[in-house]
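Reading through the structure tokens given below for one structure.
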Amino acid sequence: MTSQHKKDSIAALANRLRWNIGDNFHDKLTEGIYADAADIASRAVHQQGEPRNATMDSKIDSIVTSKTWGFPIMIGILAVILWLTIEGANVPSGLLFNLLIDTMYPILKGFSSQLGIAWWIDGLLIDGVYLALAWVIAVMLPPMAIFFPLFTLLEDFGYLPRVAFNMDALFKKSGAHGKQALTMSMGFGCNAAGVIATRIIDSPRERLIAIITNNFSLCNGRWPTQILIAVIFIGVLVPDSMSGLVASASVISIALLGIGFMFLTSLGLSKTVLKGEVSTFTLELPPYRPPRVWQTIYTSLIDRTLIVLWRAIVFAAPAGAVIWLVSNIEIADISIANHLIEWLNPFGLFIGLNGVILLAYIVAIPANEIVIPTILMLTVANLKMAGLGEGSGVMFELDSAMETSNILSAGGWTLLTGVNLMLFSLLHNPCSTTIYTIYKETKSWKWTTVASILPVIMGFVVTFLVAQVWRLFL
Amino acid sequence: MNQAAINLIVFAALVAIIWLVSKLILSRNILHSKEQKHKTLTEDILKQLFHVQQSNRIATISNLSGALKIRKAKILPMVVQMTKAGLIETVDDTILLTEEGKAYGLKIIRIHRLWEKYLAEKTGYKAAEWHYLAEKMEHQLNEKEILELSDTLGNPLFDPHGDPIPTQEGDIAPVEWIPLPTYPLNMPGKIAHIEDEPGVIYQQILAKRILVGSHIKVISSNKNEIIISSEGQKHIFSPIVAANISIVPLSKNEAYEERAERLSSLQENQWAEVLGISKECRGANRRRLLDLGILQGTKIKVDLASPLRDPIAYRVRNTSIALRNSLADLILIKKLNADENT
Amino acid sequence: MKTHSEEACTDCTFHNTEGLKKLGVNTSEVDFVVALAGNPNTGKSTVFNALTGLRQHTGNWPGKTVLRAEGGYSYGSKKYKLIDLPGTYSLLSTSEDEEVARNFILFGKPDVTVIVVDAARLERNLNLVLQVLEITNNAVICLNLLDEAKRHKITVDERALARDLGVPVVGTVARTQEGIPALLNTISKVAQGEIICKPHRVKSLSKPIEESVNELTKKIEVQFPGLPNSRWVAFRLLEGDQRITNAITTNELSELIDV
């Protein structure tokens, strides 16, 4: 008998039998298995007295999921984690900066000039590749090394499922899963990590929504940009005593706007392309378990921080080379960068940005962290400002916000440019690390493209509208 | 005028045009060929004729035109062509299906109901959308695809509304339904069928979260209203709405559970026993509940309510499982008294 | 369950090398392949780490390991490859996790499948255990979280459980390594055939189901004599599992027959 015959005869019998037993085979089989399970368990399990620890769990639960305290506790914890991350990262970031850029970079430069290495090799490798790597490490590593362990401790303790439980009612309204509250929060740390974290969502439709909308969480790499621009452009609008507060408030508004866009996009996706996909929701609330602090810190450093950092480094190295090359290769006596800036400028200005910003977002796709230094370098190079910056293709940042502000004003920036840059920093394509991660998680070019293109389109539309309305009334 | 204002107007116009064009393409089937449209109309007429003959009424061109909402002038040439094709015959003014036409009509009904079953089992479309989607799909599947569809669904006998699905050979299971308005008082029965046309009435029934398979008793019935009790709740229907709900008496091995209620109605600090999962809980959701051990006889209680009271976590087999209220609605329970909970 | 004292089969491996290769597992330079199954939240990943010394992240979360994690260890003079399957409540449904776990145990034919269960929630965990025991004969129950069960004043009679399930049961507290040496030892004994399992097969099926399953199982056994899990295959066919239906024609099922 051939294998085809075997298949046909067995399949035919299966079909006939299926017809006989009706459409509830799965129900009956599960009932049978559970009946055996109950039988076996009753013989093996002995309960002595009342369980004690369960009351402890339910006490914690009655507080963290209560009507009064549920949401405040949750928002409080997230705020504290973000504050610790942003504030706490300053010191180690400064140290790394000192080491890698202020100390190592001149040493490397001196070393290469002593060896007499050709200027373009030196430029490409040290000014381009090394500087981009150093920048990404200095700015990216400390916040992640703080954020991930803190988040992981909450995860190990068992608090995070309660957050999903509390938030589900809100997320359900936009067709999403309560666990998206967690992947979204993770996105405030790093979008690539947020995308990986969507694995906890067991319904494929909701998981896809969480992946596509994770980019609307303002990630660590974008907070510094937001804060700098808010201080320079919005903080100065009010008296000095108020400026810090107003600048912070405007950054928080941008983050909240991001959450708004996340809900809107989730709703939009569920009503259009994902309409009709099966949706399931069951959520186990596991018992609280004391986290093992040291192991958690160790493992979260290894499998979240370092993996994400490694991916960022892999992408940042070639980007550093590209940034240097476009600034140093000249066509008709003008660098490629300046050609591109001129070419992008009309569209940039039309939507209330400029050519420098657009080019910076194109070449700095590996990491949002290097957007501001790239912008500064391109602005100075474009204006041929003497005595400022480090030379063409060399990213830099300035110690004082005033100096930065002067450069940007010279580059023609207005309050509108600042506001739109903040909006565009929220609404643009994910960084290449995140795009790559989205592809690895979805295994689909289609969804990777949607997740990458959709935010840029939204960014263009929003900055366009803001610019036109601005010009209409101001 | 200001350049910015012009830009905004141009943008608004662009958005409006894109929106209109997409709307047009979706609704008018502009992309369909002439043959496709002809086929669709033929099949719609056959299906309508089949329904009319089933209910022992008479079909004429004018009432066909009324039922299908198509001008007579458009139907007339169709009738001529279909007669030539041997699908129908006309006696005086009456239009009758030939054997061939009847088989064709049955095939269309088979696809329609199979597709509704598919939508219910394998997708997340809402019940109110099934009919509209199946209306489109019934004109698109070929013989091989129908067989594959039927196979993957396990060759079902009934569609999600309770209608029998014609078999490949054209057999159709007989049904003995009693319309709700004429169903006797206090006789345990179960909902066998909910008609999905017209949509307005179907929406009203869906809004009450009445489910096919639910056990009911009619408490009172008069020409103004019909009151039924089902799963711990009372529902009041007008006779027009009630006419679209059909009931069958319970068979001998189906026990009417007087105390049946929905899990969503369970209060805190109260134990209950699961009686079963409603037939309307399908596909992945049903499997998930079963896998978690929520099945007939399982003891269950409210463990924790979330701040917005949806979802609610239930304690099942010593584990806390959160379910959304919409899913808890589909789990039938019997509340246990203090002495039953041992 | 019988214990063979003589060194019956120390060198013979059981796993399906071809099938494993298709599943992306490299078995060269490995003596035995061990699969790790279990419900979410049973500390499965902690057991994985305790066995391999790897530091895989373990979260207090359902569905943590979606991608399969691999690790290795040596015990005695043998090399073991440990595959961490996704944590699932069942193997009967259509979710991706369950498909991965179920196809691995069926088509990969690991030498031993370790099922991690939560001692405080045994009944619910047995659902998965009984399903795994339908697929494979070579299983070890890792009765984990004994400390938590103790706090809940729950004790589990390991001997009664082992007798009822027909496979060895090892109590552990993986967080503190308690019971891990015994688990390693038991895995090696099952792998080398020193312990022969006689797993429990589900009994409480309703009559029409039982009859249909038996009829189909007989038919499958006629076509594929010696197939160790013909009843499971019958279950899957009655569920309409396309993957298994196709396996009949592609000879994948014939490969599973014990030589």
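When the chains are written out, they are named A, B and C in that same order, and each has its own residue count from 1.
Here, contacts are C-beta pairs under 8 Å (C-beta built on N, C-alpha and C of every residue); 3 or more make two chains touch, one makes a residue touch a chain.
Please read these numbers as outputs of a predicted model, since none were measured by experiment.
Asks: Linking chains that touch, what shape results: line, ring, star, complete or other?
Replies: The chain contacts form a complete graph, every chain touching every other.
Asks: Just by CA atoms, which chain is the most central one?
Replies: Located nearest the centre of all protein C-alpha atoms is chain A.
Asks: If I rank A-C and A-B by number of C-beta contact pairs, which comes first?
Replies: More C-beta contacts join the chains of A-C.
Asks: In angstrom, rounded to a whole number, how far apart do the mean CA points of chain B and chain C lie?
Replies: 41
Asks: Can you check how far apart chain A and chain C are, centre to centre, with Cα atoms defining each centre and the answer in Å?
Replies: 38
Asks: So what's the Cα centroid distance for chain A and chain B, whole Å?
Replies: 42
Asks: By the touch rule stated above, which residues of chain A touch at least two different other chains?
Replies: Chain A, residues with two or more chain partners: 18, 26, 30-31, 34, 283-284, 286.
Asks: Two or more other chains in contact with one residue: find those residues in chain C.
Replies: In chain C, the residues touching two or more other chains are 90, 92, 95, 123-124, 127, 240.
Asks: Can you tell me which residues of chain B touch two or more of the remaining chains?
Replies: Touching at least two other chains: 151, 154, 284, 287-288, 290-293, 319.
Asks: Give the list of chain A residues in touch with chain B in this complex.
Replies: For chain A paired with chain B, touching residues are 15, 18-19, 23, 26-27, 30-31, 34, 58, 61-62, 65-67, 70-71, 165-166, 168-170, 172, 178, 203, 205, 275-286, 350, 464-465, 467-472.
Asks: Considering only the defined contacts, which chain A positions touch chain C in the complex?
Replies: Against chain C, the touching part of chain A is residues 1, 3-4, 6-7, 9-11, 13-14, 17-18, 20-21, 25-26, 28-41, 43-54, 152, 155-158, 160-161, 199-200, 202, 204, 283-284, 286-289, 292, 295, 298-300, 302-304.
Asks: Which residues, counting only chain C, touch chain A once they are in their complex?
Replies: It comes out as residues 40-41, 55-64, 66-67, 90, 92, 95-97, 122-124, 126-127, 129-131, 148, 151-158, 160-161, 164-165, 175, 200, 202-206, 208-209, 212, 215-216, 219-220, 223-224, 234-235, 237-240, 245, 248-251.
Asks: Would you pull the chain C residues touching chain B in the complex into a rising list?
Replies: Contact set of chain C toward chain B: 89-90, 92-95, 120-121, 123-124, 127, 240, 242.
Asks: Quick check on the complex: what are the chain B residues that touch chain C?
Replies: 151-152, 154, 284, 287-288, 290-293, 316-319
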